[in-house]
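As written, the chains take the letters A, B, C, D, E, F, G and H, and residue 1 is the first residue of each chain.
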Amino acid sequence: MDKYDEMHFAKLDTDREKRTGFPEVVFCEGKRDEYLVQIYKRLLENDGRVFGTRANLHQYETVKTAIPGVQYNEVSKILKCAADDSASKNTSEGIGLITVCTGGTADIPVAEEAAETAEYFGGRVKRIYDVGVSGIHRVLSKAEEIREANCVIVVAGMEGALASVIGGLVENPVIAVPTSVGYGASMGGLSALLTMINSCANGITVVNIDNGYGAGYVATQINRLACGSKN
Amino acid sequence: MDKYDEMHFAKLDTDREKRTGFPEVVFCEGKRDEYLVQIYKRLLENDGRVFGTRANLHQYETVKTAIPGVQYNEVSKILKCAADDSASKNTSEGIGLITVCTGGTADIPVAEEAAETAEYFGGRVKRIYDVGVSGIHRVLSKAEEIREANCVIVVAGMEGALASVIGGLVENPVIAVPTSVGYGASMGGLSALLTMINSCANGITVVNIDNGYGAGYVATQINRLACGSKN
Amino acid sequence: MDKYDEMHFAKLDTDREKRTGFPEVVFCEGKRDEYLVQIYKRLLENDGRVFGTRANLHQYETVKTAIPGVQYNEVSKILKCAADDSASKNTSEGIGLITVCTGGTADIPVAEEAAETAEYFGGRVKRIYDVGVSGIHRVLSKAEEIREANCVIVVAGMEGALASVIGGLVENPVIAVPTSVGYGASMGGLSALLTMINSCANGITVVNIDNGYGAGYVATQINRLACGSKN
Amino acid sequence: MDKYDEMHFAKLDTDREKRTGFPEVVFCEGKRDEYLVQIYKRLLENDGRVFGTRANLHQYETVKTAIPGVQYNEVSKILKCAADDSASKNTSEGIGLITVCTGGTADIPVAEEAAETAEYFGGRVKRIYDVGVSGIHRVLSKAEEIREANCVIVVAGMEGALASVIGGLVENPVIAVPTSVGYGASMGGLSALLTMINSCANGITVVNIDNGYGAGYVATQINRLACGSKN
Amino acid sequence: MDKYDEMHFAKLDTDREKRTGFPEVVFCEGKRDEYLVQIYKRLLENDGRVFGTRANLHQYETVKTAIPGVQYNEVSKILKCAADDSASKNTSEGIGLITVCTGGTADIPVAEEAAETAEYFGGRVKRIYDVGVSGIHRVLSKAEEIREANCVIVVAGMEGALASVIGGLVENPVIAVPTSVGYGASMGGLSALLTMINSCANGITVVNIDNGYGAGYVATQINRLACGSKN
Amino acid sequence: MDKYDEMHFAKLDTDREKRTGFPEVVFCEGKRDEYLVQIYKRLLENDGRVFGTRANLHQYETVKTAIPGVQYNEVSKILKCAADDSASKNTSEGIGLITVCTGGTADIPVAEEAAETAEYFGGRVKRIYDVGVSGIHRVLSKAEEIREANCVIVVAGMEGALASVIGGLVENPVIAVPTSVGYGASMGGLSALLTMINSCANGITVVNIDNGYGAGYVATQINRLACGSKN
Amino acid sequence: MDKYDEMHFAKLDTDREKRTGFPEVVFCEGKRDEYLVQIYKRLLENDGRVFGTRANLHQYETVKTAIPGVQYNEVSKILKCAADDSASKNTSEGIGLITVCTGGTADIPVAEEAAETAEYFGGRVKRIYDVGVSGIHRVLSKAEEIREANCVIVVAGMEGALASVIGGLVENPVIAVPTSVGYGASMGGLSALLTMINSCANGITVVNIDNGYGAGYVATQINRLACGSKN
Amino acid sequence: MDKYDEMHFAKLDTDREKRTGFPEVVFCEGKRDEYLVQIYKRLLENDGRVFGTRANLHQYETVKTAIPGVQYNEVSKILKCAADDSASKNTSEGIGLITVCTGGTADIPVAEEAAETAEYFGGRVKRIYDVGVSGIHRVLSKAEEIREANCVIVVAGMEGALASVIGGLVENPVIAVPTSVGYGASMGGLSALLTMINSCANGITVVNIDNGYGAGYVATQINRLACGSKN
């Protein structure tokens, strides 16, 4: 009858899907092994499927001992499972269109976290990688494709200038994701974050450094609105 | 035939409305008087209307000598005019719904910049002010109203915690606007910006400190998508 | 006759309990092995019990060779011992009430440091974990319980907004403990610290990042005052 | 029947005193004149008295035209009034004891904000000013007096070291208030804030830079608990 | 015979032109009136001309009383004079080509400081203003012109992304000048500086915020090398 | 009998000269007029002379109404007086040798604060101004003179590199004083402070930004030791 | 026909050499093994040679399995190969002159990255190492040699003062490279970066911390201009 | 005949002792093994002894293979050797008096670096450890001893308040050494550095975080001046 599931070390927000249209997702990083396993098992019972981000290999192996069918992607660090085998199926036939761009190759893990999140929540996703501004013809050659999306996710580290360029080209919202890719004065992604927050282009909003999941979530919200689908 | 209007000190982006669905808007702050007047006159000729943000009283008076019908709002600092008198009319019959919330009373100028921007671009706007988290019953009493919006703009200074609470209550995207309201360790709004960027709630994206215009712009994009209206 | 015990590499503050009502406590982190063992032995002789924080497993094993009965908690990192076996007993029958809340599951180690500290110094402690603001109904469902405490300790990382919400609900002081839980712009807990320092709610004071011990200490001072017990 | 008083630009938290034991207080800085006057009038009607902080001379004069009996203190910047004349009376016969110390003479305005706040809320206050650590005999000569307080407020700018010294001398909680007094690398009080947050002494918690009001509020909470008085 | 001219409050580096190919230039900002006048007079005697940057109107008027022919540009804040009337002449017939671009209109004062510096030292300068990345077609339409320069100076505030785009288009060095144009998280130009320092494009080096003079100086060095002209 | 003079808003440290060899000095900045006058009068009675730093013109005029003989230096901002007329005399016949160097002309006010402080406390001072590293021959031409000092004070803003060069040339201690001279990324002197703290040269210690007084004080301590004079 | 080579995870900028005079270079740090190998193979096919920076030993060994002739320098971390054996030959007979100076011995790896880059792109390079300002006679003894270069690269950590001294000695541009060499307040090279950005000397521009490659690239551009050679 | 010994990767400053009274010292951290060994051997030949700081165990073992008599102290990380066996002897019979104090036990390694440096350069050193301000009676009980020193070195981490207290007690200079001891908002020692730079006490100068060597060097300079001994 309570709107959450009391586990003492955690209170699973069982009301969340009804309230927000999205089920609870697990942020694996830093969780103790015994807690993580219990949470995966409980959510699998409650929801029939579980989606977790920032899992490392050790956590994958730990959860696997309890839930043999759990699936792990080494690039995106996503660890997911489903009571039936739907987890592996719902990635290609989504609704609407979300496009995920990266500045460089090193930004791909964060972009994949975003893309897989959006796919998991039912969106169709297109990936356009390595189109950073130092070779501006690359992103311009994709401009028409990018303009078709209901929402564009731009993932970039170092100086993060790609978001401003894309923001000036499109009609729909741009979610900018700074990454920790870089060195020296990139300060772990703070420079890219500042670039994006100060963008002279309109239509750009920003999420935390490396927060691919957050970008995929908001893009899903926007894509659903554009498709007239609430969830 | 060029896609911009060359004024030497400025290149007005006449292609913008076609490309992005929004006309060029003037950021007045720091512009020299003679430049500002020329830009307002040129845009008025080109577009039939002009919308500018962050104008001060002196700039209003300066532009007024050239364009007598220009309208100025002291709270939002918006300076706008129209060839016909539409500028004063299009504020109430907008489409969809965008809700603008503030943490406190001192955040209202930024909220009004956001609200008037969204109204200018054709959206319906509801204002819910002074619902900061230190009296949480205030925002909770408005939760149903807030949930109806296609997009919620949350404007807050000091610690900026309101965005996280609202993010957990709604289904649609939340645009968080940190403000420079505060003192001491608020560091001109950087603390509120960091709070919002680090939010544990999903569905929150962030714009620059005091950037009400940017929030109103993105909210318009989302609201248009939700209404199936491109512009 | 001196008010401290001269060990050359350390001067144990033997006057402290008389002056402040609290015996000297050992901050284990970064202490050399030989120093740590000597300090534990000396304090055990002087005070009949020792309480240390931030011990790692290696330090536990090192001290154990000298003091076999030493007890270690892997979650809270507390390493304690007693001449008699009171160390293991005094955790449940304390005076007054201190409540320790966390935003998430990952904040539990810091919360446990706070809770065990308060229990060690004689207070009764209630734990309410994983009630972060993104599911505000969780903390609201516990509001009456939280209001009963003489002092509330709020432990939260990421954006640290929980302190402001609880501060607005209760009559008694709130000690806010930012944690290093988070990533990207959380900057190792500095963002949460700034959020808490800038809180718009009243009745909130802040200690250092991850300083569960410090929060447990102050909560004990307040709880003792409320109980009319000096120590 | 709502628990707040809807003024549209503000929502006065009329439930606050019942919930927290303290009435709503006005943070005057940055409020527009017309808003400020309306808030003072409404609160005076509701509560019979109003207490505001960080008022400037212009605001005093503005409010005075509407509420002639309003009282202003140029040092503490407090602007208060009462339906009867109690505002001027309740400053000396308070309960318990709160002691307010400053490092230097320039810290006095913040200290007075703290002291007057605590007195307004019913506490007895003792002031010990200009006892900074560069002449350590000054604070030591007052040690016994300081130890008598239920709560000590330490107000200091520059390097803010006074809090640590007092923290080591007393049994009851110390509220540290960093001030913006200083120059160069004091960075507007951030250095003093960091000093206090990192204090090696126990029993110290910190509020925002120059936040005398916040310190006075928490000290009142603690003093009431010590006196067995809830409000 | 010393290589400097001893004025006690200053030591004019009379050897500089021989050593570096450039005469001493006066940084006017913050200099006391009497010092400024004496320096202008002494340099005019020594070198036959004087070039100063960051002069305000008051300083212009002060120097004018001593040197009536001094010339002041309100936009660039450059204050210069010559024994003969060459100061007003050498602006159009320079060698080589240096191109100065700005992101926006508000960056023009810094760009003019750079352009006039380069012209004063004998270079030919082309100005291309208001070509920020949010309307990328503007800078692309000028790409061929920009590529002709021996050195490109890119002046931009806010997020400063223009430097990276231009860096990817040209063969010759790009000098990036961050400006203090912006608000909120632009932190007085630090964000733009960080963007430029972290640029993913090659061939970009950076000078201090608003340092138009420094950029004009280096561009002159490079332009001279390209023209085979040492000075 | 107490070791300080209780003035309530201040506690003058009358024991200081005996304890440290230096009388109390007044930091005027930010002191209220009535406090400043009382402090000057009291110290003049106690010590027969008063020395204050960072006084502005208004403060000079205020103190002058009470103490007509007070002397003010507009460059160094020092405000001093003496019961007899010794204040104006003791500037030239000091002991030992302290040399004060500046990087540029704009650093002179801070250098004069240092130099006058050292002279007031009885040292002989030599001034060598405008010898910044961009014309390294200037400081090298003075190397022998600089080496004669018992202590060298190096005052520099912008990048503050002069301290490292001088540190490598001399045998005796160098006190480095960063100044707030600069713009952009100089961040009010923090950059120069960091340069000096990170110096690769030995024998350099640093005081706060613009703290000429502090440097003059330490140089006096060292100079006295070198002269075998305690005070 | 596209101007890039689509590899999905990367888009190799095959147009770059034509557009900028420089072929694509690989930034190895953080690239996944399988991506790195594919990029090296593809570039080797396209360009006949590959040049990569910031490779670690593991990456060298990985690439070596696919391209046995690849060459690795442990100091500079450069990993290069050529279809013919030209990679090992073109280091000594370059055009013009670029001089690379370091402050200390620990700066050599960054300096070597710069020097080898410049050599790879066809320049003649002279190395002058360990001439930091704390022994100023060392750099002065090399002044004539340094003055001969078309461009000077100055590599320095800690306080980074060497750039300012050299800037004052030479006629041609100085590229300053801050390094992460240092500890404490050097903050990973940020202090040196700030020093260099704030330099009082003219002719200095700055690249990112440890960015030897970027410095070598710009120096090549300048050196080519000076030699009348475009590539 | 040159004043340095050219080793290509290093230029040993053989003139240093004559110029500054101190021989060259080796900063071992980050030096490559082959460089380190060559430098130790060359300096041993030139000077008859070598003194190096921040050596790790691996470096000790590496140098030992070439110079079997080299001595290593694991606490201070000092690695020294002498042609004769003087290295091990000159620690107790020094001139004058330098006192080294620490706030806590964890500051001892830095303090030992300072103390051994001062002893190596011929000073007499007294150690007073663990006298932090949270138990102020400890440092006060040593006040007379501390006052006897010609120079006091204060080593403290966390909030670093000890320097201010000692500065107010003594007549001679205090060298403050912030340490990286602490956690959370101590930011690796930056907080302690800021505390010390902003000290309200006079006579305090500051060196870099953990720079025990630098403090020992300056203290030696001062101690020599006080003893009338130049070296």
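Just a few scattered comments:
FYI, contacts are C-beta pairs under 8 Å (C-beta built on N, C-alpha and C of every residue); 3 or more make two chains touch, one makes a residue touch a chain.
As the structure is a computational prediction, the values presented were derived from the model and not from experiment.
When the partners of subunit G are compared with those of subunit H, the chains appearing in both lists are F. Distance from subunit B peaks, on a Cα-centroid basis, for H.
By residue number, over half of the touching pairs seen at G-H are also found at C-H, the match among C-H, F-G or A-E. A count of C-beta contacts for the chain pairs A-E and A-B puts A-E on top. For the pair subunit A and subunit H, the distance between C-alpha centroids works out to 51 Å.
In this assembly, the C-alpha centroid of subunit A lies 45 Å from the C-alpha centroid of subunit D. Per-chain Cα centroids separate subunit C from subunit E by 57 Å. In subunit C, the residues touching two or more other chains are 134-135, 168-169, 184-187, 190, 193, 197-198, 202, 208. Pairs of chains meeting the touch criterion: A-B, A-C, A-E, A-G, B-C, B-D, B-E, C-D, C-H, D-F, D-H, E-F, E-G, F-G, F-H, G-H.
By the touch rule above, subunit F contacts subunit G in their complex via residues 103-104, 132-136, 140, 158-161, 164-165, 167-169, 182, 184-187, 190-192, 194-202.
Per the touch definition, subunit G reaches subunit H in the complex via residues 75, 105-106, 108, 129-131, 134-135, 137-138, 141, 181, 183-187. Within the complex, the subunit B residues that touch subunit A are 19-22, 25, 150, 168-173, 175, 193, 197-198, 202-208, 214, 217-218, 221-222, 225-226, 228, 230-231.
The residues of subunit A lying in touch with subunit C in their complex are 2-4, 7-11, 13, 15-16, 29-32, 35, 178, 180, 188-190, 193, 208-211.
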